[in-house]
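Chain IDs A, B, C, D and E follow the sequence of writing; residue 1 opens each chain.
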C-alpha cells in the first residue's frame, strides 16, 4: 500500500512535455526558424510542404491515432478549408483572416453531417464511408461553377498581417511553422485532457468505454470534428499560398498520403506523427532523381520501413 | 418492506431469435444491500446485466434505478445515473496505464471539453487534478496504488480484477454490478475479495449485486440471493432458504457428495 | 559557361507516357544544338522536374527548377498542374514556354513571361465547330473526363456550337481510368446525336470509340487533340476507321518530320508521341530565342520569344500580344486504314 | 427512360457488375481471413491483365486470337498471378501478422505502389491493345443487342464465383479459412496449417482478380498500368456493400454497384458527372440503415 | 528412457518478447495418468501448456512426445499425432456453428465415417451441443462454450489432452460434470494434463501433481500427498488453511 506522500505525487499532473525532450524540441525549433536564411527557395518550398503535412497529419492523428477511426477521406476537410478561403476571397472579396472562422464552421458542419450518422459503423465500413465522402466533396468541387469547376479557382488573395503582405515562400514557410506549432500545442493539450483520454478509451475498447459512462458516438464525433477543423485551417492557408486551387489537390491519394504520414512515423504520438509527416513530404523530393522509377523506389522504401518498424519509426510506448 | 428498493426490475423479457433468454423477470435490490445472482451456465445472468446496463435492449418490462426508469437508455447514460459494472471477461484498457484506467470512471462526473483544455482554463486544471486524485484514491482503496503507472495489461489476473472494480467505483455509482469477480482467483484471493466487497458497501455505501458461481463466496457475502434457471427466476430469498430450496438444488447446486 | 534549361512534365502518374515523350524530344533538340556548338558559344544542359500532373508536386517541381537557376523552362502538359506554377515562374521572371497545356485560364494567369506554344482551347473549339458543320452534324454529344483540360474544351465547344446554331444532344462526363463506358454510350445513343465529340485523352478515347461502335452507334466520332497517339489506333482497331481527330502537329502529319521520327525511334526505342514534334520545336525555339537574345539574360530571352518568327517541324510559331499562338496549329485528320491522314 | 434504355442499362450494369463482383470476391476473401484491406488487390488485377496479354500474344501465334487464346491467357495468368499473390503475402504481409492493423494497411498500400510502380517502370506508362477477334455476334432482346462474348463473360464470372462459394462453404479447407479468420491460435490447435490456409486464400483471391483482369483486358481491348486503381476502389466498395467477408455478399455487392452506376449515369435532370456522387451517396445512406452490408452478419457484441 | 512416459518437458525456457516466463521447467507425464499442474496466477501454467503444444516455441530445452522430439514441430502437426490442447479462455470459433466447430476439431481426419462416430460420441457426452448444433457458437453461455471446447478437442481423438482451467466460470454442478467427463476420458485411455486454479478440485482427481511458481517447478508429488499437506496448500496454492 502506498503512503500518502507518494499518492499525492502520483496524482500531480505531469508536465506537458518532459524536460529532456524539451531541449531537443527547442533545438529543432531553432533550426526550423533559421532554415529559410540558409536554404534556397526550393528547399524552403519543400519545407513548407512538410509543415503543411505536419498540420494535416496531426489533425488526422486525432481521428485515427487517438480515436481509432480509419478515415480515408480526410482530404475532403482540407478541401473545405481551401475552397472556403478561395471562394470567399476571390468571389466575395473577404479578408483572408475572416475566412478562417467560416472555414472552421463549415468543416464542423461537414464533420457532423457525415459523422453523426456513420460513426457508429465498424471501422472498415467507416473507411469506405469516409472514402466516399472524400470523393463526393471532390466531385462537387469539380462540377460547381462557384468552385471554378475542374480547373479550380485562380487569383486567390494573399493574406496581410499588419500591413505586411505574405508573398514569398519564406513568408508562407513561417506562417505554416506557426500553424504547425499551434497544432502541436493543441494536440498536446487535448491529449492530456478528459476528452483526449476518452478517445483512447473508445479506441481501445468501445464497450468498456460505454460501460463506464462515455458516450462513444459523441466522443468519436468530437474527434472527427476536431480533425476536420485542423484540416480546414491548413486548407485556408494552403489556398492563400497556392493562389490557385483545383480539385486535383484533394484526391483519394492525398488522403492516403496524409494517412501514410500518420502511420509511418508512429500513430498516436505527436513526435512520431511529425516525423512521419516530414518524411512523406521529403521522400518523393529526395527521390526525384529516380525519374520514372520514383514511385517504385518510394514504395520500396515505404515497405521496408513498415517491415522493419511495424509500429512506425518512432512508436508509442503503449504499443 | 420499509427501505426503498434502489434497483427494481419488473417483468423483464429478452429473446434472441427464438431463444427466450429472460422471461418475465422481477426482483429488486434494496439500497445498501449485497445481493447475488446465481444460476446454471446459460441461465441468463450476464444477459440480465447487459439489459440493466443498456447493452441489450429488453423486449419488454421495466427497470427502475432509484425510482427513475432507465429501460432502453444507452449504457453511458445509465452509468451517469449511478449504475456501474464490471465485465465477465475482463475488459480493461490494456494499453493504458493503471491510473488512466481508474480515471476513466470519472469521465461521467466531469465536464470540461476540448476548448477549455486548449485554453488551459484554471477550472479545467482543477478538474483534471480532481480526476487524478479520485483515480488514485480508488486504486488505493482496492490496494493497487503502487502499480498506478504500469500498463493495465501487465497486471496479474487478480490485480486486473481489482482494477476493474476501481474503475467502476470511480464513477461514484449508487450500485455496482459484478459479473463473476472471483473467476480465476485462488482461495486466498477470493477471501480478499470478500473483504473488499464488504468494504465497498460499508465504507462507501455502494450497493452491490454480483453474479458468482463460487457458492462459498456467495453464501458468505450475500444478504439475498436470486436464482435463475433457463431465463426464469426460480428462487429469491435469504442464503439459507435458497440453499435449502429443492428447486435450486435440482437446477444448480446438485446434491452434495 | 553553361546554359541550363528546365523541363517540367509528368514523368510519373497516368500521363507519364506523354511526359516522357516531351522530355525526350526536347532533349533531342538540345543535343542537336550542342552538337552544333551550343548557343552563343555556351553548352546547353537540361534538368527535368516531374510534376506528375499534380498541382502540389508541380509547385515544388517549379521552385526546384527556379532554385537550380535555370535560364528558361519548357514543358507543362496538364493545365491544372501548370496554373499554380505560373506565379512562381512569373515572380522569378523565368521565360516559360508551355508545350501541351492550353487551358484559357493560363492566359489570364500569365504574368508575361509564359508562352503557349500549343493552340488554346477556344481555337480548337472553333476548328471543331467548323468540322461539325462541314460534315453536316446538327446534334452533338460532348463527352469529357471531368479534368480541367477536357471539361474546359467541352464547355467551349458546346458554347461555340450552340452559337453557330447547333444543338447539344448530351453532355456527359466519364471517370479517368475506368474501362467501361457502356452507360454513357447507351445514353448518347438514345439522345439521337449525329456525332460524338470526345475532348479528353486517347486511352479513354479508344475505349469509347470501340464501345460506341460495338453498341451500333453509326454517327460521327470526333476527338480532341489529346487523342493523337499511335496507341489510339492500335486499341480502337477497326472501330477507329473514319474517326476525325483535331490533331496537334504530329510527326506523321508533317512532311518534314520523317527524319525526326526515325531518329526518335532509334534513340528511344518507341514511336514519337503526339507532342514529340511540338516539344522538339519548342526545344529549338528556346535555343533560337537565346541566340537572338545574344545572352542568357532572362528579360532579353522573353523579349526574343515575343518577337519569335519561328518555323519548325510542326509549323510556324508566332505569338500574339497575349503570348498565345497567332495561328491555330490544329489540323483535322481522319483515320483511314489504321493511319491518320489529312482530312480533305 | 424508355424500356429499351432500361434493359440496355441493365445489361450494362450486369457486365460491369460481374467484373466488380469478381474482384470484390478476392478482396472480401482476403479481408475475411486476415482482416486486411488489401489495397494491392486492384494492382493484382492489373498484373493479371498484363500477364494475360503477354501470354495471349505468344499463344495467339499458334491458336489464333479467338476464344482458345483467351482461355489459355486466362488460365496461365490466373496461375501465375495467383502465385504472385502468394509471394506478396509471404514477403509483405506475413512478417506483419502481429503488427497493428493500420500498419498492415500501410504495408498493403506499399505493396500496391510497388506493383504499380514496377508496371509503370516496365511499360513506360503506355496503353497496350489487347486485340481479340471475339466479334460482335449475339442475340437481340427487344432492341437491345447482347453479344455472345458478354454472355460468356457473365456466365464465366458467375461460374468462378459459384465455385468459390462451394469451396468455402463445403470443403474442410473452406471451414479452415473461416476458422483462421476468427482465431489463428485456436486454428493451429485444430491442426490447421495457418500459413498454408492464408497462402491458399491469397492464391485464390489473386487468381480471381487475374481472371477478371484478363477478361476485362480482352473484352475492352486495352491494358494499362493504372487500370487497377479505380477497379480496386470499386471492388472495395462492392465488397462493403455486400458485407465484407461474405462470398455471396461480394457477388451481390458487385452486381448492385454495377447497376447503381449504370442507372446513376442516366438519372434524369443530372448529368453523368454526378454519377459517383449518386453512387457514394447511396452507399453511405445504405450503410447508415444497414450497417453490416447486404449479407454481412449482424453481430450483437457480447460483453 | 521410461517407455511409459508419453509427454515430457526437459528444462524448457519460454519467453514473451523480452520477458522470460518459464525458466527451465521439466515434467513427465505417464500413460494413462491424470496429472495436475498447479500454481498461482501468472505462475506460468498456461505458458507451459502453450510450449508443450507448440503454440509458442521454447527458446531452449526440449519436449518429447511418444518418444519423439517435438520441440521444433509446429503446433498444427500435433493434433494429428494425438496431442491436443484445450486453451485457456476456450477459444471457440464464435462465428461458426457448433457443428462446424466440432468438425474443425477433426480437421486432419479424411474419413467421414470416423468423423461421424466421434461426433456421436461428443454429442452423447454433451447433449446440449447436439441440441443446438446448428446455432452459432458465440451465443452459447460461458459454460456451454467450455463444453464445446472440450468436445472439439475430443474430435481429434487425443492420446494426450492438455486442459487449461476447464472449470473456470462453470456452475458447481457443471464442474462436477466436467470433472466426471475428464475421468471418463481418462478411463477410456486418454492421458490428461490438467491445469487448475482450484487446487482442491484438481488434486482430488490427479494421480500426480506439479506446482509452478514464478516460472519454475517448486514441488511435485502424488496428488493425494500434495492435497493433504496443508503447508503446501497454503504456501503455494493460495489455499486457506482450514
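Brief remarks on what is shown
Note that contacts are C-beta pairs under 8 Å (C-beta built on N, C-alpha and C of every residue); 3 or more make two chains touch, one makes a residue touch a chain.
Note that this is a predicted model, so its numbers are computed, not measured.
The minimum number of touch steps separating subunit A from subunit E is 2.
Identification of common neighbours of subunit C and subunit D yields A. Taking the mean Cα position of each chain as its centre, E sits at the greatest distance from subunit A. Per-chain Cα centroids separate subunit A from subunit C by 36 Å. Chain centres here are Cα means. That of subunit C falls 74 Å from that of subunit E.
If you average the CA atoms of subunit B and of subunit D, the two centres end up 48 Å from each other. Computed from the mean C-alpha positions, the centre of subunit B lies at a distance of 31 Å from the centre of subunit E. Within subunit D, the positions touching two or more other chains are listed as 120, 124-125, 273, 276, 301, 303. Contact with two or more other chains is made by residues 139 of subunit E. Listed for subunit B are residues 16, 46, 55, 87-88, 91, each touching two or more other chains.
Touching subunit C in their complex are the following residues of subunit D: 2, 4-5, 8-9, 11-13, 15-16, 19, 120, 124-129, 131, 136, 145, 147, 216, 220-222, 224, 226-227, 229-231, 261-266, 271-273, 275-276.
The touching residues of subunit C, when paired with subunit D in their complex, are 12, 14-17, 20, 146, 171-175, 177-180, 182-184, 186-187, 190, 202-203, 206-207, 210-211, 214-216, 229, 231, 234-235, 237, 270.
Looking at the complex, you find that subunit A touches subunit C at residues 40-46, 49, 139, 142-143, 149-152, 154-155, 168-169, 242-246, 248-249, 284-285, 288, 291-292, 294-295. Residue ranges of subunit A in contact with subunit B, taken from their complex: 1-2, 6-7, 10-13, 185-186, 189-190, 192-198, 200-201, 204-205, 207-216, 222, 226, 318-319. The residues of subunit B lying in touch with subunit E in their complex are 16, 19, 38-43, 46, 88-89, 156-158, 180, 183-189, 191, 213, 215, 252-254.
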